[in-house]
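Below are two complexes that have subunit A in common, paired first with subunit B and then with subunit C.
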Partner chain A sequence: MINVRNATKSYDGTLVVDDVTLGLKRNGLTSIIGPNGAGKSTLLSMIARLVNMDDGEITVDGLDIATADSLELAKRLAVLRQDNHITARLTVRDLVAFGRYPHSKGRTNENDLEHVNRALAYLGLTDLSGRFLDQLSGGQRQRAFVAMTLCQDTDYMLFDEPLNNLDIHHAVSMMKLFRQAARDFGKTVVVVIHDINFASCYSDHIIAMKDGKVAEQGSPDQIIDAGILADIYNTPFQVQNINGQMIATYYGV
Partner chain B sequence: MAGAVSRKKIYVIACVAVVALAVASLFVGVAKISLIDFLDGTVSQTDWLVLQTSRIPRTLALVFAGTSMAVAGAIMQMLARNKFVEPATTGTVEAAALGMLVVLLFAPDLPVVGKMLVAGVFAIAGTGLFLWLLTKIPLRSVVIVPLVGMMLGGVISSFAAFIAYRFDMMQAMNVWTSGDFSTVLRGRYEVLWLAFGLAIIAYRGADKLTMAGLGQEFSVSLGLDYRKVMTFGLVIISLVTASVVVSAGMIPFVGLIVPNLVSIAFGDNLKKTLPWIALFGAAIVLVCDIVGRLIIAPFEVPVGAVLGVIGSLFFLYLVLGRNAYAR
Partner chain C sequence: MILLCLALLSAIGFMTIGARGNWGFIFEFRGTKLLALLLVAYAVSVSTVLFQTVTNNRILTPSIMGIDALYVLLQTVLIFVFGAQAISALDPQIKFLIEAGCLTVFALILYRFLFFGVFRDVHLLLLSGLFFGLLFRSVSGLLQRIIDPNDFVVLQDSLFASFNSVDKSLLGVSVAVIVLVSAIGAKIFSRFDVMLLGRDSAISLGVNHTRTAVTILALASVLVAVSTALVGPVTFFGLLVANLAYIVLPGAKHKHILPGAILIAFICLSSGQLVLEKLFDFNTALAILIEFAGGLFFIGLILRRGVR
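For the complex of A and B:
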């Protein structure tokens, strides 16, 4: 369970996350949606201790992220931010293997190796494992980062816009992978995502943010609603049930 | 697995090559010492004396300085996350020289290790200032990073030059900032053992340094104490640089050329690449020193000058090179 209590953050006097209180239950895929500047990424980064809070408290399985041992947290929670730029020339395999650091501390054993191979296989990177990161396309690199995060094998996995740079095929397989991790392996996956329909079709729970606050939260059926979405995005929406999936369109035509 | 075998083979060849260069370095010089005499066991008393007091210390100094400066450069590139930096382009060298100046003014009788430590503290401050500047300045281009470092170095060294000028110590400044191994004698280079030891300590932290090179966010997510690793790297770089500045004088560009060549060939996973970086570092300094001793024999071109020529050409190649590798 991740508990966020009164989390607040402002940059240069602008309130980005405004007194958010939130509970994220274990197991399942949670999507955070909302317009630009709603505070989604900042909230995710605060939960992952990458950004300091101005005020409030966040606990992960009862551990206060402000005071808990960082290595201990790294065994429970992994995060992948967007726009990762790595100048070091590492092979895909080396990068993914660093995901094992919280467990192995540099002494990789058989078990670690198995995790690395499995993560590479899940993301379809086995054949590319010897390539350097700078020899990959943007989408391949993004998959390598996700593989590294999976390899950390934590109960909680946070991803900020994980579908960036991915084509439709890889975006769908990535979301399927997250759902599988949640359903079959009991992981808790939290994604910040722009594509509402991916959120609708794959999430167990959706959190809609606006102006630094949680505007609405609930199941996809509850949140993917023309009225709610129109409020959040200031844009007219149409929502249709297509074969049991709630699909939102907003192209204004 | 074929790749692994051939890589091991190359590794052995490289080791043998460095040893061969070191042996060659022992037998190049004004006093002719013959390798054959040496093997026959007919070496004269004077030849032994030359070997013991001058040649062996010089060769060891070259190996240690080359190895540790190359390693320091690689670490610097990881910490700054930029391929164009090394201790000579980050204010480290200038700060160490300023430290030496301060020692000579206030505590000239300090033993050389003490001098090195003071220079090291100055180097830590200078390099720390550089890394802090990098977090404050929005950097639009990777080439700006070393420029910032060189400007910082320029500011520090103009400050040092002012003091040196007032106290008539300009010549000493020159000695520290331009590497020359012709003055290395037994009793005057031993602090370089320390630099070599620091390079070995750095190897033990190779994984953490590589992770720090992935950036603060990845480091924190993996549970790494980012500040601690940055400090560890900073101290290694600074003390290595201070040792070299104090003993033989700064050898430029080794920290730039060697890690970049190794990176192009083998990547940047320091656990795998640091041994290569160390070997190449020793090799390039040995070669440049031998060249410097031969081209205008019986006079010498200091190794710093030889490296300056090669290094600046290589730097241009890196900046202008058609491959986008460093970006």
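For the complex of A and C:
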């Protein structure tokens, strides 16, 4: 369980995350949606201790992220932000193997290798594992970073726009992978996502943010609603039920 | 492996080529020189590679950021304030330790300002580093001009270190300092690779990024102090060997890059010094050759980056 209490963050006097209180239950795929500048990424980064809070408290399974041992947290919670840029020449396998660092501290054993191979296979990177990161396309690199995060094998995984740069095929398989991790392996996956229909079709829970606050939260059926979405995005929406999936359209209606 | 053979070869070459006369004397004379070259190679390459790991940038080096100029400034200020007599009375080894300590503290303040402050833009950072280097050199120059002439002679003597006239009194303490730095480095060695991933990933993997970065930068500063004290500032040498190591070696892991860079540095220094002594008859300085090659390399790196 991740508990966020009164989390507040401002940059240069502008409130980005405004007194957010939130509980994220274990197991399941949660999507955070909302317009640009709503504070989604900042909230995610604060939960992952990448950004300091101005005020408030966040606990992960009872561990206060501000005071708990960082290595201990790294065994429970993994995060991937957007725009990962590495200057060093690393192979895909090297990168993915870094996910084992909290467990092995650089001395990889058999068990670690198994995790690495599994993560590579899950993301279809086995054939590319010897390639250097700078020889990959943007989408392939994104998948390599996701593989590293999976390889960390934590109960909680946070992803900031994991579908960036991915084509439709890989975007769908990544969302399926997240859902599988949540349903079959009891993981808790939180993604910040822009594509409302991906959020609608794959999430167990959706959190909609606006102006640094949680505007609405609930199941996809509750949130993917023309009225609620129009409020959040200041854009008219139409929502259709297509074979049991709630699909939102917003193309100039 | 090939690098190791080359390094051994250049060491043997340095020890034997053109040797005439008493072997005992030659061993002692060239041996200390060789030891000094090895220490400098170690200090410069390790400090540069670690610095680049922390800053995630392959163009920045401690020297380009003006840290060795800061060391010279520090020495100048010490003599300017306390006078040559007080300074000369000090044991050179203790003096060196004090200076290295001060340098580390100052460098950390500077780094804090540069890396954790407003500058996120690499070009701005580079420019400010060059600016600080220039500032430190100018202030040193100014102080050296208004200093008491007697003090100046003493100062010049300590600043005159070069590859030909290594300050031998500092060899012992340099070895001790390098062993100490390496011991601390070995303790956190596994974190070096993680730092390559950048701040966010390092934190996600449970590494205390700020503390590790500060520790590594402190180690790098001490190493800069060692090499500057031994042979004076060598601006581009670290850049040259670190980037050669990145190009020559297959991976970016520190267990490959660090020994590789040290060996490359040692090969460059010992064979360079050999060529200089035998071919140019001491007519030029190794530092000049290095700066020339390193400068060209630096321009090449920036141009190639610009194209990308």
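Points to keep in mind about this one:
Going forward, the second predicted complex is superposed on the first by the 252 of 253 C-alpha atoms of A that agree within 3 Å, B and C clash if a C-alpha of one lies under 4 Å from a C-alpha of the other, contacts with A are read in each partner's own complex, and residues count from 1 in each chain.
Convention: a residue touches a chain if its C-beta (ideal position, glycine included) is under 8 Å from a C-beta of that chain, and two chains touch if they have at least 3 such contacts.
All values derive from a computational prediction rather than experimental measurement.
When the two complexes are overlaid on subunit A, subunit B and subunit C occupy overlapping space and clash. Of the two partner chains, both subunit B and subunit C are touched by A:Leu73.
In the superposed model, A:Tyr250 lies in contact with neither subunit B nor subunit C. Where the contact sets of subunit A with subunit B and with subunit C meet, they give residues 48-50, 70-75, 78-81, 84-91, 94, 98-99, 101-102, 106, 149, 152. By the touch criterion given at the top, residues 48-50, 70-75, 78-81, 84-91, 94, 98-99, 101-102, 106, 132, 134, 149, 152 of subunit A touch subunit B in their complex. In the complex of the two chains, the subunit B residues touching subunit A come out as 78, 81-83, 142, 207-208, 210-211, 213-218, 220-225, 263, 267-269, 271, 324-327.
If you check the complex, the residues on subunit A that touch subunit C are 48-50, 70-75, 78-81, 84-91, 94-95, 98-99, 101-102, 105-107, 148-149, 152. Residues of subunit C that touch subunit A in their complex: 53, 56-58, 189-190, 193-194, 196-201, 203-208, 246, 251-253.
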